[in-house]
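Here the structure is laid out as structure tokens; the discussion comes afterwards.
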């Protein structure tokens, strides 16, 4: 790895970014009309279908943003990458991969088919709902509230944002609409994947999905992933490199639901999306990127956000492949 | 229909039954060694793997029994036929068939595949677990305890056995091992099939599965089904004929789990089995039959019980087909 | 069994049939507008969507018909019942049930899911396409043309109609649109179910589906099934009783595609339908019935034909259950 | 991209490679005993279960090899990457992605489930069998033999090996055991994916799977992929960069059958394996790598080959993630 001060700056790596962004945001926003805000809980349905924002941060702390970057949204599935990391730090690889597999499923993120059809009935990967529920059961803590605190502290550390909070309104709303996830959790319990009570596990799961954040927070977390777990701002290794490698592999193969293959081809960067319309992505080694655009395509990814990232990747030739 | 006193007696319809039974019981018991007692809850695992008993009753009240007919066992899935009947009496056909379908599934009785794969995601029929859970939600009652009382009263009426009870030990044991059924119930709730709380519905469901009975009780209930809802002993129409017809259709197409087609070919009588090893069957118009044999074959049916019914059906040419 | 001359006549069993039929045909024909003629091959698409006809025959040779009974149509899936019977006569039960199972599938008649998902990968029953293809491979004959002749002769014998022919135009048309059935056949070959060449087997299969017939022919074949293989007109046992019992069991559990459970509840008679709009059914012991109505419902059964049989069964209380 | 002469050499990028390889080959060979040579065709079953070889080539033409690199084997699924590239060059992205999707399936490479379950019934990606068959139908040519010639010429150009040949013995053997692939092809035809005759398409498909090659040929093709379609030896752009990017994305998400996710985590390089035991992989920008080890693990990948690549990737920190 290059020494930090030798890393290219945002403006070296993405020259004339600001002026391009202005145009691209206008163009990508047109996609919003073809998408739909998630509506399975009332709190999510309040998302602004026309919003689109993006934030960049480099290893030197330079930042650029464009569009509706004030939007506050809940992390939803984006949080799954980080609870995986925390679970790996708490338990090590071997134990974690006894509970979840490493493969994309080809099915919807909330499908239960493979839990029944494929032995030994563990979730195929930690980024589908069943897998993230299993991961939630692995977070250490002396008590339920200690676990919740550790999770929140981890996200605060990674965003450098001490104001980060669980959005209890969204949490309650999720809990009210939790029948399918609860079904999954009981199926996992029957398959021997969960050792704790379903209620406790879902309490962790819905809490980490309900953390309020902004594009800037996503970009900041992305920066640490881009630098293999080293946070160049705080100048600290926050997560072991090996675990970040695992997380980025999953972001490429499973990060964008069952449109991950298409995203690999069209954008070619590790990324994770959430149903609130957020996307966390990164340019390996240099830049963290956060996107918000609540209108979703049929696969559950921000329709304008994906479009914007395609423009960015193609213009600057960012694909890893 | 023939007047009751014109109906053939047990000994007219099945001449020399007693002496045949003696031999057949010996032969069929040999099958027990190839089967296994259900073990998913400790209470069921206590079943006697070597037991086999059968009881017959005709419209005149004549009874014959052979083998281990003292065995007390819980109704388990056999109860599903009768909660279906009670739900039909409480709600009518239209409402019931909005919640469950009419088709065999070809899958295991506890499979959830079709709930996810086939729109509109209602259980395929009322005799698989998902369907019976949906049916449990349709039982009327002013309160949860009133519902439980109505169910028990219905079974007491049909067996003419006022001592019939819920086996609370088995009930508690079922509830402890309920993860898969709970998963199913939450899936049904997510699909809009259940309107009540999962806990309340499963409370009904596991209670009716946990009613203690004997072969004699099964035979007695079978007699009323054989007479299209009319109980020739009490001389009362207990269930409308149309609903009994529906129940018997389901017993033929789905009554023996996913070995129902084979049972139709080998035995050819409407029947319903349970994992405790019971089988309720009947000779249309004349005779009710109850069987107990806790050792199960791979499909979950009493291995010796099915074998015994094959001998009986073939010897007396009983197949409906 | 009663001696033939003691069997009730058509007019005893179904009093005032002719006058009821007149009205019922008018009413059931209204359903035609909600159905669609099969269109996967041009020859079938020529079927008259507005036609509805029914024919009855009893053991004494009395016949009644109503509606468009002149319509000539191809047997399609109705033929599967009889090739099963011929295969049983040629090979015995044991060999046949090594190649096909005895269970309804809950899936569409042309689904391949269970061939991949359920070991040992044999068709679940002989009335779905995969099963009927497997059965076609079991017909004996010294040569391919001998097999075709034997099949045709069997149908001529059962209908008493020496003019029965393969419709070569439909056969050719089927062969042109055979990709899915061919896919199934190769899957079966891979699973070790077929021993002969796929081309030869499909040649038999599409030929027996392409036999031209009328309602009267169906009724005549139904009469022999109703009498357990004994043809009361020719006064000969044409098929062993045991095989007819097997066939009738399948007709109840799988005869009306994946609406067989519903048909058992609404009509309650053994039946087999075809995509040309024919339905063969019977009143056990007494009467054979043939129906034609090319407009199909979403499950592939004659929409007006099913409606007409419901009226008939309910009015005369014909359900076996 | 760096100018070619600035690219690191094999020995700069992988210092002390030769001495490490000697040890690693010995260690990885121990895995062979836990694997099995593919046996579905006799020709493949002849593979040496104990063999393991690896070959490297850099942009300057430096080569290193170790182990059993003389082994000649057929490309099998490795060829699918290159027929995809040829199809993209012949037809462009839009047409190709009308016929195949971009997503991993989570199912076995020869599964047909998703063709039936997921609309519109096109193969999920071009590297599973169904997808590669669809791709084979897109190769241009004035005649069948012209197509076969174009394919062979493409492989000769990419390997720089004018002696590359179709192995007609393997081809014939494949064709004899082709029932499942033939089933898939007819299913695709029924779904409207294939426009040509199944026989012609499978002729192309089995031919390109049957090209004889060595590790050296794989490494040479890998080198051109590593350099985004530019062959540094011949100093020519052989394939447009965009198409190579697409191919490498698929190699990461789907290249190692349904163990691709695991390979991404354990090795982290674009790769494609074949049932003959070959693996083609590459270090982006610099080095092409070919591996042969006929003993396969349960997912169909060379058991010792994967083990060797893990050691290599971990020692030199080669993961892209």
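Think of it as A, B, C and D in the order they're written, each chain with its own count starting at 1.
We adopt the following convention: a contact is a pair of C-beta atoms (placed from the backbone, for glycine too) under 8 Å apart; a residue touches a chain by one contact, two chains touch by 3 or more.
All values reported here derive from a predicted model rather than from experimental measurement.
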item: Chains touching both chain B and chain C; value: none
item: Chain pair equivalent in interface to B-C, over half of contacts matched, among A-D, A-B or C-D; value: A-D
item: Pair exhibiting more inter-chain C-beta contacts, A-D or A-B; value: A-D
item: Self-contact between copies chain C and chain D, residue sets same or different by half; value: same
item: Remotest chain, chain B as reference, centres from CA atoms; value: D
item: Distance from chain C to chain A - Cα centre to Cα centre, in angstrom; value: 56
item: Chain A-chain B separation of Cα centroids, rounded to whole Å; value: 49
item: Between chain D and chain A, distance of the C-alpha-averaged centres to the nearest whole Å; value: 32
item: Two or more partner chains touched - positions in chain B; value: 117
item: Chain contact graph, described as a line, ring, star, complete graph or other shape; value: ring
item: Those chain pairs that satisfy the touch definition; value: A-B, A-D, B-C, C-D
item: In the complex with chain D, residue positions of chain A that touch it; value: 101-107, 114, 124-125, 245-246, 248-250, 252-254, 258-262, 264-265, 268, 270, 284, 319-321
item: Touch list for chain D against partner chain C, complex; value: 111-113, 116-117, 179-180, 182-187, 189-190
